[in-house]
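In order of appearance the chains are A, B, C, D, E and F, and numbering begins at 1 in each one.
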Amino acid sequence: MSTLIVIDQPPYGGWAGREALDMAFSLAAFDQPVSLLFCGAGVNWLRKGQEPGTVRQKSVEKNLAAAPIFGVEALLADSDDCNRYGLEPGHLLDSVTLVRTDPQLFAGYSHTAFAG
Amino acid sequence: MTEIKTLHILNKSPEHPRFTRCLTVAGPEDTVLLIENGVLGLVAASASASGKLLALDADLAARGVGNQSGTVETVDYDAMVELTTRAQQVISW
Amino acid sequence: MQDSSPFSFTIVITGAPYSSQAPQSALNFAEAAIKAGHRVDRVFLYGDGVHLASALASPPSDEPHWPREWSAFLEKHCIAGVACIASALRRGLVDEGEQKRYELSASNLLTPFIIAGLGEWVEGRMASSRTVYFHGSD
Amino acid sequence: MSTLIVIDQPPYGGWAGREALDMAFSLAAFDQPVSLLFCGAGVNWLRKGQEPGTVRQKSVEKNLAAAPIFGVEALLADSDDCNRYGLEPGHLLDSVTLVRTDPQLFAGYSHTAFAG
Amino acid sequence: MQDSSPFSFTIVITGAPYSSQAPQSALNFAEAAIKAGHRVDRVFLYGDGVHLASALASPPSDEPHWPREWSAFLEKHCIAGVACIASALRRGLVDEGEQKRYELSASNLLTPFIIAGLGEWVEGRMASSRTVYFHGSD
Amino acid sequence: MTEIKTLHILNKSPEHPRFTRCLTVAGPEDTVLLIENGVLGLVAASASASGKLLALDADLAARGVGNQSGTVETVDYDAMVELTTRAQQVISW
């Protein structure tokens, strides 16, 4: 009975990704099982070495690294989309699991939601 | 009344990456309901949807795409509500 | 026609009026749900959807006034309308309490909407039999 | 020294197309030469037989038909995108000219703008 | 380094703060233009960009306050900031005049922004040597 | 200082239809400047841009894509302003 929150929009250009993270952390705070799926341009949230201070935004790298501690069950990333954006495993934040975004993946969750 | 595994509510035009993603993820026991800009992808969705495909009548008529492809089953908002109650899960794309 | 046992809905709107069709599609859906004998527990506005709770929107008189139509619907059926506080504050949607706290010149939240946290969304999801999202298009 | 206003977003789901039309009509009202280009999903603005009363919006069919009278020089539509959306010439509003969206087309205008 | 003859700019912003990066990129650009000795004639807010003129936006204190930063920049350099009236009224952005005309409970337009028609955009395009648009991303 | 025919300011990710459209329309005498989400398309744009390709340094650094592909010429906002003055026309996508 876990929820999948999907982030398919890239970081910094918009707020939808942050708002999706807030949704996931809220569920975790209420002890509701939740995982995050990054796909499409959303996989760029997972790149190591982001310096969003240059656009005066806060890094989410620490939040994502601490996601398991906050109670988020898994950080999933679409492997094809990672390839498309040149994200090899070494470029990805730790604790990310590569998956295929297919019907089977979604069937494992009772709810799936986007932030916008 | 057959049960629906997942009802996918798709409101994006076929230009939007979520349109293709939705059709990739929807399985044969699922239903895809095209609403808003989604109805513009009727032809593309008919070709690739593995489950059942429906389109919202008001949005089809607004965009003038109802008459051209008379094959899709259309629903109104009453039927859309019923679909959400018959589906185990609802995903809005 | 309808299943005999009533369902309850939480409706989440993330698209703004006059930028997206989301508030309109959501209202049509909510009206149909009530008509079918179901309950709408709560409407939660998130992201750009919070602009639906603006008391100052003034569309041309020959266009639907989505904030007022939603307001009337919520009052008629005693449905809670909640705008996410984090989304609302960033986007300039404030009630009298936030006006005082942030020493702002005015408040602009339309009744009966209230401002509250994402916990309202979590609670809605748990309490309602279905949660349906209405996002912006493209 | 003409301006090209580009509409690449579909009708009714958003307001950007209408706001682009307003830009074009404003330029025409100030006697500034302007043409409209519909491309991508934006070509769906040009389909005959739209009934936007079903979504409680106003039709732009009459505005577009009257565009030449208002002083808009041309209504251009990308022919590939019309094909993609099943828009044969008979489905299109009158006074639309089919074009290819290529560097040559844009080179014919001194300014090009989107509404959003 | 720079061309010796100064240029003048009209800047058009169509993306909202806290939904897009447009107001930030536009401010960085405008500051660089002034620094290079050019003139910024006018900033025109269109579509969702009108939310940049909100007097009620209250982002967390550790995030930039884009409406106030823009307001300070406009005042410092005596630049006209104009929100399109049609975009603004639909989206709940009103000055005191519109508040009275539409009998609204408040106004929420941040100084020094004013509300005016698309004619201001047409005029800006004609008067400035360059017009640069900042749209929302995706 | 070479003249630029058209400066294309591209702020959309490669998933957005305007990204491809911009690169199709940009001719050999044009310059494409990637900003905001556009810098995520650096690799795709390098492969298909017929004119000059530039990327804004602040947006590259924010997204951590600067170091991976060291081939693109980067600019700051001062240079971006200069580019707009050197171009006959500026199109923001």
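The definition used in the following text is that a contact is a pair of C-beta atoms (placed from the backbone, for glycine too) under 8 Å apart; a residue touches a chain by one contact, two chains touch by 3 or more.
Remember, it's a predicted structure, so these values are computed and weren't measured experimentally.
Trainee: Between subunit B and subunit C, which partner chains are common?
Mentor: Both-contact set = A, D.
Trainee: Which two chains have the greatest number of C-beta pairs in contact?
Mentor: By number of C-beta pairs in contact, the leading chain pair is C-E.
Trainee: Is it true that over half of the residue numbers where subunit C touches subunit E are used by both copies, so same, or is it different?
Mentor: same
Trainee: Using mean CA coordinates as chain centres, what's the subunit C-subunit E distance in Å?
Mentor: Spacing between the chain centres: roughly 28 Å.
Trainee: With chain centres defined as C-alpha means, what is the inter-centre distance between subunit C and subunit D in Å?
Mentor: From the centre of subunit C to the centre of subunit D is 33 Å.
Trainee: Between subunit B and subunit E, what's the gap in Å when you average each chain's C-alpha atoms?
Mentor: Roughly 39 Å, centre to centre.
Trainee: Show the residues in subunit B shared as contacts by 2 or more other chains, in ascending order.
Mentor: Subunit B, residues with two or more chain partners: 11, 13, 15, 17, 36-37, 58, 92-93.
Trainee: If you look at subunit E, which of its residues touch at least two other chains?
Mentor: In subunit E, 18-19, 21, 47-48, 63, 90, 131, 133, 135-138 touch at least two other chains.
Trainee: In subunit A, what residues contact two or more other chains?
Mentor: In subunit A, 10, 12-15, 40-41, 55, 57, 111, 113-114 touch at least two other chains.
Trainee: Sort out for me which residues of subunit B touch subunit C in the complex.
Mentor: The touching residues are 1, 9, 11-13, 15-16, 35-38, 58, 76-78, 80-82, 84-86, 90, 92-93.
Trainee: Subunit B touches which residues of subunit A in the complex?
Mentor: 8, 39-41, 101-103, 105-107, 110-114
Trainee: Mind listing the subunit A positions that touch subunit E in their complex?
Mentor: 9-10, 12-15, 41, 55-58
Trainee: Across the complex, what residues on subunit E touch subunit F?
Mentor: Against subunit F, subunit E makes touches at 1-3, 7, 9, 21-22, 25, 28-29, 31-33, 35-36, 38, 129-135, 137-138.
Trainee: Can you list the residues on subunit F that touch subunit A in the complex?
Mentor: 11, 13-15, 36-37, 40, 43, 57-59, 61-65, 67-69
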